Amino acid sequence: MKFSTSVPLSQLAQLTASRVMGDGSLLVTGINEIHKVESGDLTFVDHPKYYDKALQSAATFIIINKEVDVPPGKALLYSNDPFTAYNTIVRKYRTFEPSKSALSETAKIGEGTIIQPGAFVGQHVVIGKNCLIHSNVSIYDHTIIGDDVIIHANTVIGADAFYFKRRPEGYDKMISCGRVIIHNKVEIGACCTIDKGVSGDTIIGEGSKMDNMVHIGHDTVVGKNCLFAGQVGIAGVVTIEDDVILWGQVGVQKDLTIGKGAVVLGKSGVPKSLEGGKTYFGSPTQEAREKMKELAFIKQLPSIIEKLKS
Amino acid sequence: MKFSTSVPLSQLAQLTASRVMGDGSLLVTGINEIHKVESGDLTFVDHPKYYDKALQSAATFIIINKEVDVPPGKALLYSNDPFTAYNTIVRKYRTFEPSKSALSETAKIGEGTIIQPGAFVGQHVVIGKNCLIHSNVSIYDHTIIGDDVIIHANTVIGADAFYFKRRPEGYDKMISCGRVIIHNKVEIGACCTIDKGVSGDTIIGEGSKMDNMVHIGHDTVVGKNCLFAGQVGIAGVVTIEDDVILWGQVGVQKDLTIGKGAVVLGKSGVPKSLEGGKTYFGSPTQEAREKMKELAFIKQLPSIIEKLKS
Amino acid sequence: MKFSTSVPLSQLAQLTASRVMGDGSLLVTGINEIHKVESGDLTFVDHPKYYDKALQSAATFIIINKEVDVPPGKALLYSNDPFTAYNTIVRKYRTFEPSKSALSETAKIGEGTIIQPGAFVGQHVVIGKNCLIHSNVSIYDHTIIGDDVIIHANTVIGADAFYFKRRPEGYDKMISCGRVIIHNKVEIGACCTIDKGVSGDTIIGEGSKMDNMVHIGHDTVVGKNCLFAGQVGIAGVVTIEDDVILWGQVGVQKDLTIGKGAVVLGKSGVPKSLEGGKTYFGSPTQEAREKMKELAFIKQLPSIIEKLKS
């Protein structure tokens, strides 16, 4: 998330009761979790395993719970609880604004777009031209939708990322401040859910089509002209390249890439990245031809056991 | 879809800028895609692989992109793009009518039927007597629901078929003009989706019961007294005969038949037709007893490998 | 379900046209199906297989279709159709009250709780303080929700149990009179469904978090600080102890227990109880390490077959 206007680091130190290490007059342009950081951003790190990654990232500012040397060109905030400090800033700059009506007063809706009864359009949502938003759809705040998009009934766009930090006393929620961006000519089925990014954007590429009950996790980026059949589930921070086809009930784990033109057959589970241009099956997925051979081998087991007995 | 009044073929030629081959004064009574054609219907074919099927089908009229002999008793429309010509006709005769209120003015609702707050009832919907439609249900235009039907909250009846033609530039949508028909005494869980037929009807037979998050694809026909547990997904153009039981998270591929009284155990994937009266398990499904044996054989693999080493 | 005031057994005999065996002046304090009975409750039994279980249960009153000796301290109702008699009583004491507005007049909503547009709150619902109920959520009658609970858009709380008795002429529904109880600090994703108990309570423990499209069946009890990823489905009458993690698309069969701290990996199917503190994978589930070994053994099948040929 970018701030609407840049904020001096010292001001964020005050807000979060943390201590500046380096130049507090430097201007922070946005806040992002580590997967999405850009120059000018503030991020946080609270685990020794990730200190180096954060300090060497593109982020200009890091909230950290260790005394370290300030890397050149950066400035740090020292905090005992960087996670809470991060959440405090997000809450301040992305306040939740309850809506008084189903079409929020700050939403912008393009010419020729039809919103059916019962659909909810949140604050600061932008919807393009000639879209059709069916009944009882829910579109959370700050979502951006292009032209010629169809969203079927009871689908939810922009719910919070499923992202928690385990504390001894229970789960602590990372406050989502990202968005969903849906490009032109996308069609989304009924009862789908596309979550917003934690701090960046979940993106659905132009011309991609989804059947009913498809779930897309936070910060996942879907390419152009993809086809997802019913009840597909894709976790967070996944990259799906162009022209990928996922058949019914496929599940995709987080933080991986499915290459251009890959096809995954129904009910498969994808635990790691898949090369493009091939067809896959199984849980965990293998190339479909190999998996079919394997299933045939398994069918020979009774005769193998018979042979071994003799 | 049947037209409300018959239309001369020549009129459809003009609408779609196509050319009549045969008698243009013949009357077209409806339009259907190839799986659902009846006498008097117009259908289309645009791929050499299916020319013969279409020309020999029950359809009286065919939009085609090849010069062929007109079969006796039929007439043809020549078009460079039969798919687009078909869509043009569907759009003309089944115009989308946005609704101004949650209970559309053209809907008919039977005596004793309760519609809870937030439910949407589309144009030309017919609901029978003594039904209970829970909150935030969405019922698309032209759906027909019998008596004593219960539909739980946030379920969607009649969303568009997931049916696209791949073009070099992206997916081209086949416009759905079919319906959903739900017979008496059906109960449908919460957050289910039952899609309308592409041009024919998706049908749920009398007394069938569905748990939550069940997805039923376009043109699928479900028999009487079936039982589908939570998160079952059934693709398009499937026939489920009477008394079939599908347990949780079962997936069923398109264009197949599950015979009367078959039982499919949880998490199974059904890739081809299943005979009735038996119990199945696995992905791909086998008879449950065989599948259980296979799982037991696999458990013996370590000892087999041990034996082979010695 | 407990009655608001106790009812003499003879009065229920009259209501259901059944015959008292024992002391009809005894007071019935509630009605429950056999899994949830307590002292003072009325339950029913209609199958010889379960006569003893019912007669020896904690229930003080039993509707039964056999002449038997009345156990000491109990009283019975003789009925030809105990199932229907039970339903008749439930219907009488838990009448469905249609709602005239999205926030039902009898609902109680705590201070600081935000209800977004389109959310439905049923009769006699109680929601605590500082909750956030997103748009188009549906909360059925009699649900109880604690403090600091977040429910994302289009989720359904309290739909009826999926519970039917097969009769020769079709399925006969068991009328649900239970509730859903959601404890403090729970977060539930978008398009989830949590069904009410048949006669008891479905319970979600404090601090538990669910991603989108999670389904929880009737009478299931979830412990504290559990984490369920997207598209998890849990059947009815399941006990999930504290700190359990279920990853995406896991399915859990009915009437079993998952022990404290167990982790079940994505796409697994759980057919029987799992010990706590371990990690599981597969359908049917095994310990993950074993399952991984098994998958590796299967990969050796081609070379085994090769060896056997030579």
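Note that the chains are named A, B and C in the order they appear, and that numbering of residues resets to 1 at the start of each chain.
Convention: a residue touches a chain if its C-beta (ideal position, glycine included) is under 8 Å from a C-beta of that chain, and two chains touch if they have at least 3 such contacts.
From a predicted model like this one, the values you see are computed outputs, not experimental measurements.
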| item | value |
| --- | --- |
| Chains touching both chain A and chain C | B |
| For chain B placed onto chain C, the superposition rotation in degrees, Cα atoms, nearest 5 | 120 |
| Self-contact between copies chain A and chain B, residue sets same or different by half | different |
| Computed distance of Cα centres, chain B from chain A, in Å | 32 |
| Chain A, residues touching no fewer than two other chains | 118, 136, 154, 191, 213, 231, 249, 298, 301, 304, 308 |
| For the chain C and chain A complex, residues of the former touching the latter | 114, 116-118, 132, 134-136, 150, 152-154, 185, 187, 189-191, 206-207, 209, 211-213, 224-225, 227, 229-231, 248-249, 266-267, 295, 298-299, 301-302, 304-305, 308 |
| For the chain A and chain C complex, residues of the former touching the latter | 96, 98-102, 118, 120, 122, 136-138, 140, 154-156, 159-160, 162, 164, 170-171, 173, 191-193, 195, 213, 215, 217, 231, 233, 235, 249, 251, 253, 269, 271, 283-284, 293-294, 297-298, 300-301, 304, 307-308 |
